[in-house]
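Everything below concerns the one structure shown next.
The first chain written gets the first letter, and so on, giving A, B, C, D and E; residue counts start at 1 in each chain.
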Amino acid sequence: MLGQLILSGIATGSLYALTAIAVVLVFRNTRTINLAQGDFAMVGAFLGIYFLKQLGFSYYTTVLLVVASTTLLGVAVEWLIMRPIAKSDWLTLFTATIGVFYILTGVMGWIWGRDTKAFPVNFDPTPIDLGGALISMGHLYNIGWALAIGVVLYWFFNHTKQGIAMRAVTDDPEIAHLMGIPVKFIVMLTWGVAGFIAGFVGILIAPIIYVSPEMMDEVLVKAYVAAVFGGLYSIRGAVIGALMIGVAENLAGGYLDSSLKTSTAFIMIVVLLAFRPQGLIGVQKRREI
Amino acid sequence: MSKVPITKAASNNLESSPKYAPVRALKQRYTRQNLIAVAILVALAILIPLLPQVKGWMLSQVSLVIIYIIAAMGVAVLVGFTGLVSVGHGGFLAIGAYTSALLTKYFGVDLIIGLISAMFVSAFLGALLAVVFVRLSGAFMAIGTLGFAFFVGTVVNNVSIFEGRDGIFLDNNVILGIRIEDFGFYYTSVASLLLVTLAVYCLVNSGTGRAFMALRDSENAAKASGVNRLLYRVLAFAISAGITGIAGALNAHVVNYVSAEVYADIWYSVDILIAVVVGGPAILFGPYLGGIFVVMLPFFLERLADFSFILKGVVLIAVLRFAPAGVGELILRPLRIARRRKLRSVAAGLRESEVG
Amino acid sequence: MTLLKINQMEASYGAITALRGISIEVPERSIVTLLGANGAGKSTTLKCISGVVAPRSGSIEWQGKEIAGRSPNWVTRNGIAQVPEGRRIFKDLTVSENLIMGAYTRKNKDEINEDLEQVLELFPLLKERSSQLGGSLSGGEQQMLAIGRGLMARPVLLMLDEPSLGLAPIVISDIFEKLLKLNEERGLALLIVEQNMKLALKVSHYGYVMQLGQVMVEGTAEELREDKKVYESYLGAPEKSP
Amino acid sequence: MGEHLRCQDIQVSFGGVRACNNLSLTVPRGKIIGLIGPNGAGKTTLFNVLSRFQSYDAGDVYFEGKLANDRMPHHMVSMGMARTFQNINLFKDQTTLQNIMTGAHGQIGNPISAMCWLPAARRRERQIEDYAIHVADMLNLTPELENEVGNLPYGHQKRVELARALASRPSMLLLDEPVAGCNDSETQELKELVFKVNREMGVTVLLVEHDMSMVMEVCDFIYVINFGANLAMGTPGEVRANKDVIAAYLGEDDD
Amino acid sequence: TDSPGITDKNILICSYQPMTGKVSSYFRMGKGADAWFKYINDNGGINGRKVTYRMVDDKYEPARTKSAVKRFIERDECFAIVSPLGSAPTSAVIDYIVSKKVPLIGAGTGAAKNLTIESPWVFPLYPSYFTEGAQLVRFAKEVFGASKVAVLYQNDPSGKTHMAGIKSVLEKNGVSITAAEGYEPKEVDVSSQVIKMKQSGAEAVICSCAPEPAAKFYTERAKLGWKVPVVNVFFGKSPKVAELAGNDAVEGIYFSTIFRDFDSPAAPIQQAKSILKKYYPEETPDAIHLWGFAGAQVFTEAIKRMGDGPITRERLVKTLEGIDNWTGSVVPSITIGEGNAPEHFIIKDMSFVLFKGGKFVDFSPPWMK
């Protein structure tokens, strides 16, 4: 039972992880807590259904198209909504993403209704046996993707010039501009990448949690908690945090009481923030004076 | 102590500082103007319900708006004047609601007692939360408070005394032994709002409020000015939570019913935050506009369903874009600018009167 | 030959006019200094050149090309680097990452690494701290980092805004020596804004004295050094900002 | 007279970096003491330790004869220590008056009664305002009282910071590079101010500065530190002539 | 004379719905009722009167519900409140509605208070979850022959009432609970619950789940290769379950039900389907829509039966109470008795279906035969 609980926890955690990565990405590059990150994925999932069912495209074409669309969506949100207020404080930026959240939820609900829809692709339901614990193909895919995207982004941020430039832009956009860094492009790129990840998330998660305008709410909240584990700055921290939450939830549900399951993450975050306000995976601290 | 001579030097100078007198006089005039405006509003709030055209349901709708305004006022103390963003005030709404509801149910207390106890219990728990989160700021504080709101949701959902999602049913509201209906409830909410507004006004114009704003604008400068961060954060949280607690209690008594289903929802907290941001967090009457916005928008758009969602998003973004400091600021800006400019120029003119 | 030629440039921040028609020239391989009291518009001049502020009118010619209104991006790519006022290093980037960002527009990796080595040689204090966050450095160390970052662009013209701010006396003379050396060896042109007039006129070839957005006096360093009146009338009295 | 502030064997390290390595100094009451040293020597760090903004690994800080190791920054302020910052730290969107009044925070008394506008609190508030105006007057800031400090020129901002520090009615002032970025005349003005505060108000001053003209002119006594350790100390004349100090800090060609 | 809300040309009735907010998917109930009344109006109304069906968004916040209902009754003068949605909202306003003597017909709620209120003005839609819970234990015992059952329930009043119903008859049936696992309505996955239930050695599972979580459970059950027999409560009986989890995972699962299925050839069901398609083309027909239909249709029938006489609230109640074995609606048969609950329930009986070969097929447990 323990092995199965942990494995299922990791599977769920990987659902949180991908979104958490995007959350961290947007936050560290634009100081924005993006509440619409889940909705990007939700839009992706709806589009996925549309392409697959209505237009009859193949799975891989659909993946391509969805990811392209959500990337564009991310870019459009940056361009139309975030850019004009880019200089505001983070509360304004945060509230603006709530606005985006409303709009996307509203538009999707308007077009496709509010009831839950099945995603027309199901992974092979026969589970894979990993030393007595079972996991389905869909979950394995998710874990794989979460790790792969995490590793790529981690490398990108810390070891490429563009990655460093992204962080420089967050730090001081004016000076970054002065260094010749194309600030606007980089901010746009950030949102684009956030949309890109969301496209994958949408397609991967849809067969597991089904598709509706609210599908991502729960995942998104958990993703935030996970992101805080990495101090909202560390991608590695976010992934580890997400997996920890997934496992802890399952263990709490399995060994304590199932009513505690969903609150586990929040109890964890309250305790964490009380004792380690900078997150679990500490980032080097700069001096303020 | 070498402190003494300074104090002396100062107190010699204390009585007058006549040089500054013109500015001070101007400031007093502005305060008087504000007071007159407020007095007119209060008179309207008291008199309008007496018009024959005003019906009970209107008052109960207005009461709902007032409840949101009070809740937003609580959040504004934190967001606007202390610079801490809370996405968890739904939690305090719940605490206020349940405090009053339980007291009413088991001890049959007066509504007034319910409100006051709700305020104190919320304030106490707010203070506790501040101690736990004393080192957080910015986005971390937002997510921490969000966690708190969920936590409260879980507690009321699972601890039996709160009767979970079945909810607690209350009898009619009683003040001083008299049952009150829509009218009575309206005046109760108006009075609460008035007192809360007054309290917040006094707060932000006192040394305590100055310390809050100091922490908001630069924590290091605040520390260097001798502001005790822990103490003032605790105070800020307590005041903020206490105010929202009042709103929570009113919210319970406007329907005479509380249910975990309602308070387990983070969108409650988000709605209050939106009210604050839309109205203008650092403006005393910002929450008034925000509360009206949040409650009345669905009221006017009620048949639009999904479309109202979209519209809400669009309006929100438009407000942020064109009135980044809130609609209140936008409305008041001309007045503020004019007053500031006048003050500045009078102060700058003090140079001339300088002797030596 | 003239490297940079500014003609009748005006600039403003909203209602506040900061520059009222200034003309400045920086010849190739030369060191030019801008002097003036607080609020005279020195920093604004540099910002106009680097494209951070768009001038309202007038022209900026760079190697014969008009560049007024170009983006900072473009300006940096084309050989002008600026060390901004007040350090403004990237606080959350490490020292070496800060330096790499200075070379953002350059392509050749080997050259960049070579320059990185050189800059770290130039500022041994930074070398010890190369993996530390920029924000954790002391004030003076940050200033050094800012200068080093400017050098990393391997510019044709380096603009320094108050480079001596917060530096120890021995470091100031050291850095100015090294800048002189770069000027002589590599032909790096320098446009320096300084509060410390004595120091600035010691190293530079030519100087401009500004007041309230205008150039009041110009001349070679010796001329300005000798001219007592310059000091008294333009650099002495404190300016009141409007 | 007697000692006002003393620190003994202060050690601070950040990861591998030793910022202070057994630093000790004594500040006698009523004097102006200079603290100089090369960049990264640990001056600001020591200031942060003394004002309790920074925790440290070992050593003791005594202020007004009392051990201050466990104090918080606001305790130090209430005990009479005020400071300014190397990088200006002000409430940018607030007016000069508000900034200075915040400096007098220690005088508001009980925050709850202040908040409730009790008569005593109102009286105090009035006193705080009067005193703030008095300080502003002293620093020639009266015309700027109703101006947002963010709009003020750099030199004025430095003065507002000083005014804020003075508003707490300190017995000791710690100044970190007060004239950096100021031109000669502004430097001159500040020198006079420091003298005035010291001589007329009896405030002890501890000063960090790289501008030698200022340091040598106003200080009664100077400590020199290097690599987080004491290097030398003495009167300005002695320090200026000290070989180690010249080699590490002043440089040969200082004139 | 007519009651408020009635004119020669018009009947005004109201309902509150969660049009936006977290449970807005339940707005389907309002859409169902609205589609029905649109259809009625397009076909000449009821005895010449058109129906104005006013829905208001309360966001599932009781405080908003209260002010909306006050508006209905005091300002708009609604004749009756028909097919509104929500346990918490209804709990908050039911006393008020009753005190104003306004009929409340077919509210979508299972909260005990709303079902047991002693008032002639309330006509609850479906029987209490308590009764259903008790029936499901019997089902597990008699159909599955299980004496050890596990329960998966939604952590809200519906689930908790089911639990209470289940517990009340355990002894009588000689059944014990091996694991009672709750889940939050929006929980991302229910794997730990399923694992725990499996470990507990249950011989059957009673699932008090809405369609989405039910689908998650069946997927998980299939994944673990756990062949335990399952019976699900009625509000999880939806084509959605099979759509979401795939037919294979749902194969062999029993559901209790209060409506005929959409696949049923019965005329009223096919009619509801086509009406919904016409007025809400983007909706996939679902049981929740039928909740709305049920209340709306009963109301329509009652008004129709009242003919040309004065239309009053009292007469409405009397007429409704006179409905006996009426088969014209989406509910197979409606009989409403006199007095108050439980006689006032619009739907009284549960029946059962089995999901087999991609379809729901009727199933009668031994005691019904």
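Keep this in mind: contacts are C-beta pairs under 8 Å (C-beta built on N, C-alpha and C of every residue); 3 or more make two chains touch, one makes a residue touch a chain.
Because the structure is predicted, anything quoted here is derived from the model rather than measured.
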item: Touch-network distance, subunit D to subunit E, counted in steps; value: 2
item: Farthest-lying chain, centroid of Cα atoms versus that of subunit B; value: C
item: Between subunit C and subunit D, centroid-to-centroid distance (C-alpha), Å; value: 30
item: Euclidean distance of C-alpha centroids - subunit C vs subunit E, Å; value: 75
item: Computed distance of Cα centres, subunit D from subunit A, in Å; value: 47
item: Chain centre separation in whole Å, for subunit C relative to subunit A (CA means); value: 43
item: Residues within subunit E bordering two or more other chains; value: 22, 24, 27, 155
item: Residues of subunit A whose C-beta touches two or more other chains; value: 109, 114, 259, 262, 289
item: Contacts with 2+ other chains: residues of subunit D; value: 44, 53, 85-87, 89
item: Subunit C residues touching subunit D - in the complex, by the definition given at the top; value: 37-39, 86, 125, 129, 132, 136-141, 143-144, 162, 165-171, 173-174, 195, 197, 235-239, 241
item: Complex contact set, residues of subunit B against subunit A; value: 79, 85, 132-133, 135-136, 138-140, 142-144, 146-148, 150-151, 153-154, 157-158, 219-220, 266, 270, 273-274, 277, 281, 305-314, 316-317, 320-321, 324
item: Complex contacts: residues of subunit B adjacent to subunit E; value: 55-58, 60-61, 63-64, 67, 157-158, 164-167, 169, 182, 251, 254-257, 259, 261-262, 265, 267-268, 295, 298, 301-303, 305-306, 308-309
item: Residue numbers on subunit A that touch subunit E, as the complex places them; value: 1, 4-5, 8-9, 11-12, 15, 109, 111-118, 122, 125, 127, 134, 136, 208-210, 212-214, 217-219, 222, 249-251, 253-254, 258-259, 261-262
item: Residues of subunit E that touch subunit A when the two form their complex; value: 22, 24-25, 27-28, 155, 181-184, 186-189, 191-193, 195-196, 199, 211-212, 215-216, 219, 222-225, 240, 243-244, 246, 248-249, 282-284, 286
